[in-house]
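Each structure below is given as structure tokens.
One chain, subunit A, appears in both complexes that follow, with subunit B as partner in the first and subunit C in the second.
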Partner chain A sequence: MTNTSRKPPALIIATVGALLFLHVPLAIILLYSFTTDDRTYTFPLPGLTLRWFPTAWARADLWQALWLSVKVAGVATAIALTLGSLIALAIYRSKFFGREAISFLVILPIALPGIVTGIALRSALSLLDLNFSYWTIVVGHATFCVVTVYNNVIARLRRTSASQIEASMDLGANSFQTFRYIVLPAIATALLAGGMLAFALSFDEVIVTTFTAGQQATLPIWIFSQLVRPRDRPVTNVVAVFVIAITAIPILLAHRLTSKDA
Partner chain B sequence: MATSSPTRKSLWHRLSTFFYLRPGLTLAAMLAAPLLWLGVVYVGSLFALLLQSFFRLDDFTGQVVRRFTLYTYSQLFTAANIDIMIRTSGMAAAVTLACALVAFPVAYYMARHAEGRAKAALYLAVLLPLWSSYLVRVYAWKLILAKEGIVSWFISQLRLDWALDRILQLPVIGGPSLSVSMLGMWLVFVYVWLPYMILPIQAALERVPQSLIDASGDLGARPAETFRKVILPLAFPGVVAGSIFTFSLTLGDFIIPGTIGNSSYFLGQAVLSHQGTAGNVPMAAALTAVPMVIMAVYLIIAKKLGAFEAL
Partner chain C sequence: MAGGGSFAPPALCRKPREAAISHSPSAIVTHSSSSPAPAVSFVNVSRHFGEVKAVDGVSLDINDGEFFSLLGPSGSGKTTCLRLVAGFEQPTAGSIQLHGEEVANLPPYERDVNTVFQDYALFPHMTVGENVAYGLMIKKVPKPERDKRLGEMLELVRLPGLAGRRPSQLSGGQRQRVALARALINHPRVLLLDEPLGALDLKLRQQMQIELKAIQRQVRITFVFVTHDQEEALTMSDRLAVFNLGKIEQIGSPAEVYEHPATAFVAGFVGVSNLIRGEIAQAITGSAQTFSIRPEKIQLRDLGQPVSGDEYSVEGRIRDVIYLGMHTRYLVELSGGSDLTVVEQNLRTTSMDVLAARGRAVRLVWQKAHVRPVGN
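Entry: the complex of A and B
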């Protein structure tokens, strides 16, 4: 399959270049979080300081935004875990009319541009004369998070042999016991991985949230407002570094947990 | 405790047997909640979107008139809106092309040269940006492209300021600085969507059988010819599959044009401003029909080119 004998230098340069292009910008944010400059993005940095970290820590609006994001992501993930695994189990265990339609329905919220999902939910809210609330954000997030759980669980189920389930039933276990002692342990790490990806997806989402949040600010909405009108540049840099760290952890863990499923 | 346990157990057993004997009912019980959510809440919202686009905003009262009309759709084709559509589609095409050019060598190296641990590391290096914070990745470029930022500094160290100024003076793609120009916006779009292009191309290249490449060589083709006549045609569906993402994501985005761009609107921004400050949800709804129609046409072409087998 691979020919390691001869690697054209141009190919190596192009690959290294593209990978640097993908990763250097994030390193630059890290660098800027230590700058002493609070009005511009001057490079080279005029000086280095650690003072923005305690400044960001003391900001009440940031804590509020963070707490809202965590609450939304937590509940959206719980809903996505329930719905996603139910669909995966139903689709895996039986063939029925409309099976393809359901798997299509699961993918639709992320296949369509986020703006379509956002404005669709916004239209429904306006038709039903509903006000924006915590729950309107959760509904939007849970809708596009279902697919990550579904994908992980169905990939795991396809790898798990059905004979274990049959053996459990043959030995007199009922469906609930079989689920508890055979199916759940088999899909546990896939659920964990799907849940973590769903959390990361929700924690970072801004497009759909813009349409369903009204005046509420999740952490991404807070960052977006700073992007449009930079008022607290140094604090934004610190928040950005924090977000990079907090989203990288679940992604790396999820990848570890499911690397054999692919 | 000991006496209640057998009855409880038998209840679960009876419930289990009940469902076991009725697979249709079991399926319905399992799918009821997900279908209620996705089928009623989500698809219902999509219908609400469609419905809203057939209403109109009363210009005098500022209220939405809930009566069927095609007025809002007729308002889509003003010169300003057509400008927005052309600008957005042009950007999506330019971004897709650049992504394909940058992604192909990476995907090729990953699929055909890297092995074992190196391959796993490369895969992760592409996957991590795909999942990590999109907003923060856009923010990084705000720092990088700023007039006083790192790119300008590098260019002035190389004594190439005149070239940058010359480029920024060009119509359409230029602007006061890279961070408020179409050129800068294009760079950021390419950066954020690049992983979506690399992965499908890599998957397509992985599937090219070695025997075909060996056969091509045995029949006297030079490596460049094999690449052009065997590998490239077989990898092309992967490129098309990746382009679905880069094109669609660019069409619907309003964060990057709002952050890096100048004042000229993109589709997503127009939708956002109609539903927000203007309170014109019908117009916003009708405008989203544009990216959906464009994507529908795009998907039909992509299917003809075999992109779905490469996804």
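Entry: the complex of A and C
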């Protein structure tokens, strides 16, 4: 943004166009959560109302789906924080045979299309004769949540001087004390950012969930089923608005935390 | 300092070392008070990384209270030796003893040594005070005692009043002092310094050299100092070891190493030396044994001037003259084809005089006593 005076107009138009394309649909969702029409999207709106908010509030199936999503995202994030940071520390601190391969394998789930992960997990679970449950969703989500934590932590570790760990040991701290006083503070914001991203990713995941869930519906699955069988359509819009709000906050926070010390 | 005995450093070590150690039951405490064992002892120590012999059969004794330098080019094994003492590396073979006790298998936190790292390795999320007192915090030294020693340390490294700052708010020289204070506050029996002055500019480095020396005299701790700067090693050390390719070429006082280089490598690495070999050596001394002669020991004389019986001489032609202000360096081409470097102080000569000497035929003369035969 150093020379604001000379920007090609075509570039400005393209930028504004792309941003509009991304965000207008969100605005439409927001708008239609206030419509009085309960079946279709008509424009202009026939009228404005707040009645969908109490309606949504009263729906038990919605609350169930929301609670399941929060539980899954919470547990998947906890698993990701533990495994992701342990893998990052192992890869960073030691040189062993197959180190690069492991690093690649950890990142792979996020690069693979969700459908591949989903099919693979589903056939693996059938092969093992496991019933689909809350835990199979958690495991499915954890596969890609680990990546976000791992990536954040390893990037932070690579920017941290390795001699700090040696210095701590040299000054009398054993491995646990070194982790507690030196490593953990160094990676704390990376863990927070990675954890928030993991939570957000899990919270709105559809594809892997459809393959690993049994009868349970997470919030995105619930929304999806609502679109197929419309009943009080604006209720879905109300839920969507809340999901936008809830996922935007941690992502904005994560962005702030990681950019501050970059 | 062992047993509160022979050394009684002022102020700093008023706290007897036993008191410091009693907080950490895991530390090595069983040294006897009259132990004559060297502070650091390497017996045939090797550290190989696959095919690379970083340290190859090194034996070395460093005395208690000594300022000892490990000098060598990069990749010569000096830093690996330091890391072996600290415990960051385990030897492939051999025995490492600290004050007579085998430590080769002890982790760093169970060794009574502390390190000043090349990049200082300060903890960025802690203040200067928290950094310096880290070792005491880990050993659960009570807060009042911790604060008192922190104050003394910051005084010693001349950083009083900076305890509340963050490392990122300090200059390079200040960070260096914090790293030093953080290592010394634990009263280690041996302090390891890994090229601690390498990142400082020349003026600051020279100032820190003097200060480090003064601090070492004050705290009377054994300092093991790694450097690739031969001038720094000569200035600061009581004794030094010259490393090359994982082996020690020579151990001795700075004067011994400079005046009597044991090998051709030492002669070339410590200061500047002329090495004269083969036929030319034969022509000058009557023996084909390779010898070294320092540039400042050689005099330039006119061809006609006499040579006395205790001097060697050889004729040559001045090929190049480099005027350096305080002194002048001459490159003299001998009749046999090789070059000798001669350095003369500009006592009476001016730049005009010395530059006019280019191309002149001269006689090089030096005392026989200054010639050092060296191994090849």
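Just so we're on the same page, the second predicted complex is superposed on the first by the 254 of 262 C-alpha atoms of A that agree within 3 Å, B and C clash if a C-alpha of one lies under 4 Å from a C-alpha of the other, contacts with A are read in each partner's own complex, and residues count from 1 in each chain.
We take it that a residue touches a chain if its C-beta (ideal position, glycine included) is under 8 Å from a C-beta of that chain, and two chains touch if they have at least 3 such contacts.
Only a predicted model underlies this, so the values are computations on that prediction, with no experimental measurement involved.
By the touch criterion defined above, A:S94 lies against subunit B but remains apart from subunit C after alignment on the C-alpha atoms of chain A. By the touch criterion defined above, A:Q164 lies against subunit C but remains apart from subunit B after alignment on the C-alpha atoms of chain A. Between subunit B and subunit C, B touches the greater number of residues of subunit A. By the touch criterion defined above, A:A58 lies against neither subunit B nor subunit C after alignment on the C-alpha atoms of chain A. Residue contacts after overlaying the shared chain place A:L20 against neither subunit B nor subunit C.
Looking at the shared chain after the overlay, A:L130 reaches neither subunit B nor subunit C. In the superposition on chain A, contact of A:I249 is made with neither subunit B nor subunit C.
In the superposed pair of complexes, A:P185 makes contact with subunit C only, with no contact to subunit B. In the superposition on chain A, A:N174 contacts both subunit B and subunit C.
Looking at subunit A, you'll find residues 174, 177 touch subunit B in one structure and subunit C in the other.
The residues of subunit C lying in touch with subunit A in their complex are 24, 27, 86-88, 107-109, 113-115, 117-119, 121-125, 134-135, 138-139, 182-183, 186. Subunit A meets subunit C in the complex at residues 161, 163-164, 166-174, 177, 181-182, 185-186. Residues 12-13, 15-17, 19-20, 23, 27, 30-31, 33-35, 37-39, 41-46, 48-49, 51-52, 64, 102-103, 105-106, 108-115, 120, 122, 124-129, 131-144, 146, 148-150, 152-153, 191, 194-195, 198, 206, 210, 248-249, 251-255, 258-259, 267-268, 271-272, 275, 281, 284-285, 288, 291-292, 295 of subunit B are the ones that touch subunit A when the two sit in their complex. Residues 1-4, 7, 10-12, 14-15, 18-19, 21-23, 25-26, 28-29, 32, 40-44, 79, 82-84, 86-87, 89-90, 94, 96, 102, 105-106, 108-109, 112-117, 119-124, 126-127, 139, 142-143, 146, 174-177, 197, 200-201, 204, 206-207, 210-211, 220, 223-224, 226-228, 230, 236-237, 240, 243-244, 247-248, 251-252, 255, 259 of subunit A are the ones touching subunit B in the complex.
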